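Scrolling down, you'll hit the structures one after another.
Shared between the two complexes below is subunit A, which has subunit B as its partner in the first and subunit C in the second.
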Partner chain A sequence: MPPRSVPREDRLFYFSLVPFAYIIIAALLLLALSITWKALPALEAYGIDLFLRNVWAPREDSPGDYGLLAAIYGTLVSAFIAVVLALPLSVSLAIAVEELAPKPLRGAIAFLNDVAAGFPTIAFGLWGVEYLVPFLRDYVMRPLYSSIGFLPTFSCEPLSGASLLAAGTLLAFMVTPFMTALIREAYASVPFHLREAAASVSSAWYQEVLLVLGMIKPAIVAALLLGYGRAAGETVAVSLVVGNSFNVSLCLFAPSYTVSALIANQFGNATYYPLMPEVLFAGGVFLFVIGLVINWMGVRMIERVRWVG
Partner chain B sequence: MAEVRALLDILFKGCVLLIAFLALVPVLHLTLAAIVNGGPVIASAGLKFFTEVPPPPGNRTYGILTSLIGTIELALLSTLVGVPISFMAAVLVVEFPHSRLGRIVRLLSRTLLELPTILIGMFVFTIIVVPLGSPSILAASIALALVMLPYVTTYIETALSSVPRTYREAGLALGMTKARVAFTIVVPIAVRGVVTGILVGLAKAMGETAPLLFTLGRARTSLNVDPLGPGDAIPLLIYDYAQAPYENLREVAWGATLVLITLFLLVYVLARLTIRGVRV
Partner chain C sequence: MGGSYALLVEGLKVWYGRRQVLRGISFKLPPSSILAVMGPSGSGKSTLLRAINRLLDYVPDARVEGRVEVFGLDVYRENPYRVRRLVGMVFQTPNPFPHMSIYDNVAVGPRLHGLAKSRDELDRIVEWALKAAMLWDEVKDRLHEPPTKLSGGQQQRLSLARALALKPSILLLDEPTANIDPTNARRLEESIRRVAVEDGVTVVMVTHTPQQALRISDYVAFIYEGKLVEFGRTREVALNPSHKLTAMYFRGEL
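Up next is the complex of A and B:
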């Protein structure tokens, strides 16, 4: 509320804007409350086991037995694969745009990157099913399985190719443009005198670049966090390539599930099964909490990139 | 030593360029795949691709009329619902930056940015679809408006706050009220940024699938434009047909993807063109 010294007309102006602000606040509050409220019966019925067990046994006549562990595991692991793969991609792309690309090309690449960041995710999904999954199966999973299949992560025979690895790789491509934009912005914000300082203690270009990357480390961590949050919440593209089966396995080639894919597949018909909607809402609470915590940490990290002097 | 460093330099440069190129390959390949796979489908169906409803499985005819109309209607309705709220909220954040409400809205619109959109689908299902009794175009529009809200608010807010203080002070010095300063000085100066924000939000909402899964219904074989009735949308059609075991439905999916990408790029390029020109 504006202080009393503010003229009356300006106070009226303020109050005429207030309802719109309240709509945004109400939307987020209502969303959090309604999803938590709907999840409560499931939390009461299964307790913490709901998140720690891997079962999916729906029944039509009585509450079935549910545990979200497979989907939670799949969500966390696929998002982890995504950011691990996306980190080198986005850092390289940021350096290429800021340092290496010829001036006239820079704008074009930056535009392409912005377009890619907002690209319809379903297009990535269809592309993933038709091209990425078969490619990964034939040229990555099968060779790895037959050569170093003794490692637990590569120890199962790839069947259709839809798997945690496929989901993680597709997510990596989807979050790379977003992470690149964050890193590029920080890279470009390094003041000239700090660039000069880096150049003066470096005897080669690569050392200078590494020094500058060191200066923007908080922004890179923020990009990792926000990229992870995005990957963990992505729905349709993942559900097309993750395999949709309740597996908790170290093997990256096995079909798996994610929380959002589970909701996308089961929520539509869930009302036929007692407690299943509530269980899926509990999955929603999990996504909400992860999204909120990671986003908050990421935004705080970005704020740590400040230049003094 | 100097040779070693020069060699390392070239090696580093090569790696960076190679990986950077790799990062851009997927989106380029995907666009190319949509043209190669979707182009012939649209070409062979001709105008009928846009004027006929989707075919039954196994048939050799193609059409996406219902989802095309649905996507356009959803885009218009969600803009109508979302943009006024975003605009007014952004004005509050920028013109009253020290009010508690302004700070809260600023924080919340940034928090909502990364909220998984499937949650918005579940939310709208709970508070609108269930009370109304069935999915509808209106419910889906509200879901998409919620998706747009944080984007558009943040964009407009950035655009408005880029207008230098001196312009506001000049207006206030003439005895204008804050409201007149905001609407006759600040907004007109920042209008291109505001339009860009709206278009970027629109592009984002148009490509979304997850918020529509439980809110829109799938009125695919007969056209309905009544907002209270069920509808269809291109992303939803692609999602369903990508999982269908029928060759012809997958072909329709590729054709639809080409249409969706084209629509998306049109809006995006439009946003890009408006951003040019004004430098304050």
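Up next is the complex of A and C:
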């Protein structure tokens, strides 16, 4: 709040901003409260089993049997695949932009990257269904299945190709621009005198780059966490390529589900089935909590990249 | 062509874009001597240092003309990382790597250049470098703490130890005492004097005070607007400056 001595018009300006600022915060709190409120009947009916069992047996006349495990598993695993694939891509892209690209090109690549970070996700989804899924099925899943199919993760025959691996790969494409932007910004923030010190002790350029990456390690971890949060919450694109089937399997080629895809697919008809809307709200609570925890950790990590001197 | 000189600079010209910063600098420096580079701010002192170890490679649109030789090695025809291995540098801002322990900050150079064959050998190099920087007694029990816990002056001596750990032939220092307290500054000066005398390191130090130049240097170079207006033995120049600008600078009038 501005001190009392400031001119009246400044105080007026300040107080005119207050409602808008607090509306956002209040809306967030109300959102969290209301989805939890709506989810309560399902939590009462099924208890913790709602998150630990894999069943989806809706009934029209009485509450059916529900357990979200398949969707929760699919959410966590597909987001994990996404960041594992996206991390080397984003670190390489960040280095390429900051170190290798000629100066005029740098701005253009950075601009394209930022545009891609804000691209409509459905466009990724359509591309995924039409091109990525068949490509992965024919050139990645089938060769892996026929060559090293004895490994549990590759042990099932890919059918349509829509699967955890497809969802994870598509999500990797979607979060890479976002993670790249975070890493690139941290890379560029390294003070010049530390860069000069890195140049002075290295015996090759790659060592110098690794030294700089070491300095921004918290930002890389943050990009990983925030990328994970984004991937876990992504909905439409994933629902097109994940296969939408209640599977809990180590095999990455099996069709699966994610919580947000489940909500998006089922919510339209959920009111015909007693307790199904409440179950889907419980899925929403799960996503909210995951998002909150991951993003909180991510933001804490970013705060650790502060330069002294 | 370098003969017995540690450092030979000949016709050195540097531009930043279209602005010329160094306008033809030439001098020769014998081994194990300390050269103090003086001049008003903006005269090109830092640029001269960065032209010697090729840190100018990192300044966008910097252009270099002329010749720099380090013990007969043509700096601009050599791998820049090899040059910097021979020519260590301490900067105006204390800049230990914030993500490494005190020990690792000193060990990083020898590690990256594969100088130590065993853990013991690396330990010995680190201890020697920290002792040479007169920091050993203060940090020997906390080698694995982060350098950010040290004071600014200690951090600067750690930066010196990091540079010394590579056993450089030439050590460049860019106003190393400008940002630290007088006690730490004295210690830093003493270590610099010692590595020159005991280890035969040739030192090129940009200084902001004539007093410091008088205290520690064998030679002084006075740079004004990108030109070397005076170069000679410190005593001779201080007692009998041949250029009016140098005299004014020593009297504190510039």
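Throughout what follows, the second predicted complex is superposed on the first by the 296 of 309 C-alpha atoms of A that agree within 3 Å, B and C clash if a C-alpha of one lies under 4 Å from a C-alpha of the other, contacts with A are read in each partner's own complex, and residues count from 1 in each chain.
Going forward, a residue touches a chain if its C-beta (ideal position, glycine included) is under 8 Å from a C-beta of that chain, and two chains touch if they have at least 3 such contacts.
Everything quoted here is computed from the prediction, not taken from an experiment.
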Where does A:Trp127 make contact in the superposed view: on subunit B (first), on subunit C (second), on both, or on neither?
-> first
Considering only the touch criterion stated at the top, classify A:Phe267 as touching first (subunit B), second (subunit C), both, or neither.
-> first
Does the superposition put A:Tyr257 against subunit B (first), subunit C (second), both, or neither?
-> neither
Answer with first, second, both or neither: which of subunit B and subunit C does A:Ala116 touch in the superposed model?
-> first
Answer with first, second, both or neither: which of subunit B and subunit C does A:Ala199 touch in the superposed model?
-> second
Which of the two partners, first being subunit B and second being subunit C, lies in contact with A:Tyr145: first, second, both, or neither?
-> neither
Between subunit B and subunit C, point out the one touching more subunit A residues.
-> B
Look at A:Lys103 in the shared chain and tell me whether it touches subunit B only, subunit C only, both, or neither; answer first, second, both or neither.
-> second
Does subunit B (first) or subunit C (second) touch A:Gly214, or do both, or does neither?
-> second
Which subunit A residues lie in the overlap of the subunit B contact set and the subunit C contact set?
-> 203-205
Residues of subunit B that touch subunit A when the two form their complex = 5-6, 8-9, 12-13, 15-20, 22-24, 26-27, 29-30, 33-34, 37, 84-85, 87-89, 91-93, 95-96, 99-102, 104-105, 108-120, 122-123, 125-127, 146, 149, 153, 177-179, 182, 200, 203-204, 206-210, 213-214, 235, 238-239, 242-243, 250, 253-254, 257, 260-261, 264-265, 268, 272
Could you please specify the touching residues of subunit A with respect to subunit B in the complex?
-> 1-2, 7, 9-10, 12-14, 16-18, 20-21, 23-25, 27-28, 30-31, 34-35, 38, 88-90, 92-93, 95-97, 100, 109, 111-116, 118-127, 129-132, 173, 176-177, 180, 203-206, 209, 226, 229-230, 232-236, 240, 260, 263-264, 267-268, 280-281, 284, 287-288, 291-292, 294-296, 298-299
As the complex stands, subunit A meets subunit C at residues 103, 191-205, 207, 211, 214-215, 217, 307-309
Write out the stretch or stretches of subunit C touching subunit A in their complex.
-> 53, 55, 57-58, 60, 81-82, 84-85, 88-89, 91-100, 108-109, 112-114, 148, 152, 159, 162-163, 166
